[in-house]
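Structures for review follow.
Look at the two complexes coming up: chain A is in both, with chain B in one and chain C in the other.
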Partner chain A sequence: MSLPQRQDLTLFSDQSVLPRELLNGDGHHMFLVTSTMATQPLWLLTALIETKIKGAPLSLNGSAARRSENPATQEMKTPVVVASFLHEHSFYHQALQKLRINANAYKVVDLLTGFVQKCGGKPRDVVLKELLEQFTPDSQSTILIEQPELLLSLLDGLTSDELNQKFLQPLRKKCNLLIVSSSIDLFQDNENDPLDGSRGAVEYTRFISSLIYTSIVVMNLRSLETGRAKDVTGSLMISRGGQAPAGLSVHVVENEYLYLTEKESTRLFYR
Partner chain B sequence: MSFRKRGEILNGARAPPGAVSRSIPGRTIPGRTIPSRDANAMPNVRGPSQVTPSLSGRMASMNIRGGSSASTNAPQGIEHGAGDVSNVMSNHPGIRPSPVSATFATSTGSSDLDKVLTHIGLPLGNSILVEEQGTTEFNSILAKLFVAQGIVHNRLGGSSNTSKESGNTHAIVISLNQMFGKELPGVYKGSRKDVKKQQISDEQSKISVQNLMEQKNTPQRYKDFKIAWKYKLADEQKEKIDAKNMSQKGDNDEYNDYSHQFDITSRMMPAPTNTEISFVSPNLPVTTILSQVEQIIKNQPGKLIRIVIPSFLHPAMYPPSSFRTSSSIALMHGLRSINKLHDDRCVIFASVSTDILNKLLRIQIQNIFDAIVNLEPFPQDMLQFLERIYKSQPNKVQHGLLHVLKLPVFSERGEMQVKKSEWAFRNGRKKFEIDEWSIPVDDVESGDSSNKQNSDGASSKHTHDDGHNHDKPTSDATAPKNTKISLEY
Partner chain C sequence: MASSSHNPCILLKRTLSLADPSAFILNCDSISQTSHYLVNEVVHNISSQATPTIIYIAFENLNRPTYATHFIDVNEVGIAKVADTVGALLPTGGSPTREKNLVIVDSLNHIALSNLGSFVSSLVNPHCTLLATLHKDLPEQQASRECDNYPSAETLLQYMATSILDIEPCLPPNMDEEELRSSLDKFHIPKSLNNPTFKVTFTNKRRSGRSVIHTLIVDTVKHSYELASNIAEESELETPEMLQGLTTFNLSTSAKQKEAKDQVALPFLEAQSEFAGGTAIVYEYEKDDDYDEEDPYEDPF
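So, the complex of A and B:
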């Protein structure tokens, strides 16, 4: 049986992933990528970085790869910062190296190594301030941050509102586009394993909800409800977030793809 | 002419330090060379040292993975210095390349778990979490196997009890249980019969006048009893097949000492010392635990570090404050950070009972690990069912299901690797076995029911014969029931 036709990833009505008017504007936008531990988002995050640096997700889109020789697709070269609370510097460096992205085109901020030792005993405000200082303000830049919700667990007493007001909102103001990657395993299988009403669970729920409301695009990766399959890894659902893309003539196109990740490459199909 | 007693050992199996292996002049006895006990004492030997094949063979089995080239070429008696760090790791018997990714892996102590992880082990710089549902303690077996495997590798690497520099592996156990090291299983040496045979052959291999007189180049079984001539032919054929197999082994020989089989009813002798295993109390503040772990790693340069957290958050060992995410997640996050910092020589194993965790804490802990397996022991009625089915084969009774939730390297790439109810585990004396799970066929029940149906059919036929003659419908009704398939469905 032959595979279904490969599809290109598009998020906006102009058939693009990152519209040029979004990247060239003065706004501060946010994308949200939600995932589970069964469907981790590395391929999608690297594709978004690739889009920002090379102009198109060449690793995902076959047609974009064919057009990549066109110099017009090489124009968008603005700084990209990748920060992760879960992965070390070399993890993203190796992943982007496989996509042949020049290491000078991005910067990795390692928020994993030594974080607990550095922040042990410090007040929450000081820790959040020091974290913010690691990002240089640039109105044209893109910042990708992985699992900021871990701060709710790592910093004693931190609330969702504090995290939003003292870290994420100032971070968004420092860049043109903030891409947040969050894990939503906590909200899976609620029928059999419901969340309790503990303070921690409430703060997590509030934080993820606030991310959805402040994003213009939500990309949700999840596994098939029927379980594991050889020819499908999971589904990618693209939906509009709570925030409208103000000042843009394009709009988000809601869509759902099936995708297959194997041998370090990913292909998208329509559902 | 000597006047020794017939049973007296001429030169004990344990040669004194510094002695070189030697054979009796004029008498070449295959396989009867005396190994030197301490290769480091070689420089004390006067005159040109004559290293016999037995010595180099022992050296090869002690330290060098795969072969003798490094050991035979190296000058005898030279210890690993501080500058020899990379050499120690590259020659580590417990490290091999993963067949499915560009990483190096080390064995977990259970060869079946190694296979489930698909890398033939746990890739360096990765962590594994073994979760267990219910109140059973299978996870502690895996934790002990993990540490025991490291200790065995360390001793293969020439560890001595006194020198910190010797050896190639160090275990860090974050636990209050200081007896953990003394509870480690010993290497499986075969069945009791095999062990006795080995003891007898060891005794007979010692060089004594009596043994020398009795020594002949014939297999041991020829001396035990008289056998028919055809058995001798069978032995010769077996020898040929063995020789052929030995030549075909090829690369597999290179990783002979990679994974070992452990007997959980025995104890590791001698028990690991503080040069092989370090304990860190989980009751300390998180930053103190992390700095202690970091310090131990720095004090063990060039060694593979196995960090083990057995029964994480066990209420008997951890204070209630540890259940706060700011404590437990911070500890795990810090350990992950250390693991990734030393990703060329560090692995983490943790086990936890999921019944004591709420969903938030469980998901957060799972999020931090690279590999997760979940043990779901069978309930009592399922075990009774399996015991009834495998009445004649008690070794086949599995103890529970093993679910894979994450696999190292693949899951973080984005591949969907959740495999629920595909594997079943069984904890035996000599192995923690993991097999593919399939629901067994209840032959006993089907047999009983078929007998019952047959007897019902016969009785009904009998009554019908008495009254009316309805042979055909009766046979139609009973015939399909005699087949196994019809009974199953």
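So, the complex of A and C:
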């Protein structure tokens, strides 16, 4: 059986994933990646980091890989910070090493290890401030943060608005592009059993909705509605977020890809 | 024929150009269609006027829009000082010049319900129009629901607003509202939402207290507004092709048959025309009738 034609990942109308205009501008933009347990976003996150560091998602795009010898695509040397509430340093080092990314080009911040020991008993504001201090402001940098919604459970009484105002907004101000990866497992398969109106569910819904309103691109990884297939892992839906890329001449191109994750690589193709 | 001030398209155009004195325009939006394009449309409409002052109060947005003359980041200024900061930027005294000054609030959802009324009223000013957005699909904070009988943020703001623009997407033909809702409940955002063309349910409250509701399709690329019902009617006109192949019976009518059908005089129409000059009840006395002239309730005529 022959596989369908491999497609390049593009998010914007200039066929790019991260338009130069966006990275060189002085704005504070946000991308959102939503995923579930069945569709882990690691390949997409590493592809976005790779795009920032090398200029194109070489691991995904067949055609871009051929252009990689071109020095013009290798000039972006601005810092990338990967902060995670889910994975430790070695996890990202290994994943990025596979893509042949130099470990000096990025920094991994492990936010969860020892969190309870360090932050136990401290007021919420202090904890969020201390977390923020781990990021140095740089108007050209990109920060990727994995599952910040865990703070809603980790800090007693934290509301979605507090998390946004006291952590994510200041974090957005510290960089040029903030990529937030969030899990939307809670909202799947609720057709027969709707979410209760408990405080936790309300805050979580508010948090994810607010993220969508503030981002310019929403990348949603979902599993196939028909079940499992050998030749498809899931689908990647690219849709416009609540904000338009203000002041940019490019716009987000909506698209739906199917993807297949194999042992070493991920391939994208059209539906 | 309705006069021009009753034409919903012109009324919406006047509202979006701030030509009608409206103190507080409320946008109700959702993830499927955010108010972004509508706000840009208002800015486009007023930008032809001489140097409007546009103050942008940002709860969510961190990037100053190119059209904003002043940008207030609430996180930096603090919510308590927003009204004073805005007041200092607007002219004081003199005759009201509402059409020249616009105050935009990107989201009212992040204000505690108990402070919402006072926040909005502190921004309403005779010298400006307040254009504020409320996200309909963001559940309300539970902490702010101290009193059970206090209205929800949406009800409260709809009561305060002088014009309400309820924004919905124009759905692609292969999707219905139920499908959209179930996708969005899972945070799966379907394609072709957040388009430059969308549906607006426009509530215009008049000074008399009467409010008029119209549904319009707004195209922000061509800057044209059209009544949604006109478009719906056009697409629902019955054509003979629609009836083909449904059954083996012949359900369609030819042009000649249609003409003959129109000419049939319906009996009830004739019955109505007999009394075209008005009707009267004539009471005829009979010999057994007991009529008392003194009794005021006896004779209703």
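Quick notes on this one:
The rule we apply is simple: the second predicted complex is superposed on the first by the 270 of 271 C-alpha atoms of A that agree within 3 Å, B and C clash if a C-alpha of one lies under 4 Å from a C-alpha of the other, contacts with A are read in each partner's own complex, and residues count from 1 in each chain.
Definition applied: a contact is a pair of C-beta atoms (placed from the backbone, for glycine too) under 8 Å apart; a residue touches a chain by one contact, two chains touch by 3 or more.
Note that the structure is a prediction, hence the values are computed from the model and not measured.
Under the clash rule set out above, the superposition-derived model of chain A with chain B and chain C shows the two partners fitting side by side. Within the superposed three-chain model, A:Ala244 lies in touch with chain C and out of touch with chain B [touch as defined at top]. By the touch criterion defined above, A:Glu88 lies against chain B but remains apart from chain C after alignment on the C-alpha atoms of chain A. In the superposed pair of complexes, A:Ser181 makes contact with neither chain B nor chain C. Geometry note, superposition on chain A: angle between chain B and chain C about the Cα centre of chain A is 120 degrees, to the nearest 10. By the touch criterion stated above, A:Val116 is placed in contact with chain B alone, chain C being left untouched. In the superposed pair of complexes, A:Thr214 makes contact with chain C only, with no contact to chain B.
In the superposed model, A:His29 makes contact with chain C only, not with chain B. Look at A:Ser223: by the touch rule set out above, it reaches chain B but stays clear of chain C. Touch criterion met: A:Arg172 reaches chain C, while chain B stays clear of it.
The gap separating chain B from chain C at its narrowest, counted between C-alpha atoms of the superposed chains, is 14 angstrom.
Under the contact criterion defined above, no residue of chain A touches both chain B in one complex and chain C in the other. Interface residues of chain B facing chain A in the complex, by the touch rule stated above, are 285-287, 290-291, 324-326, 329-331, 333-334, 336-337, 340-341, 343, 358-360, 363-364, 366-368, 372, 405-406, 411-420.
Contact residues on chain A toward chain B in their complex (touch as defined above): 37-44, 85-88, 90-91, 112-117, 120-121, 147, 150, 152-157, 183, 185-186, 193-196, 198, 200-201, 204, 221, 223, 227-228, 233-234, 261-262, 264, 266.
Chain C meets chain A in the complex at residues 31, 34, 36, 60-63, 65-66, 75, 107, 110, 135, 137-143, 182, 185-194.
Interface residues of chain A, counted against chain C in their complex, comprise 27-29, 34, 159-161, 164-165, 169-170, 172-173, 184, 187-188, 190-191, 199, 202, 205-206, 208-210, 212-214, 218, 220, 222, 237, 239-244, 246-247, 254, 256.
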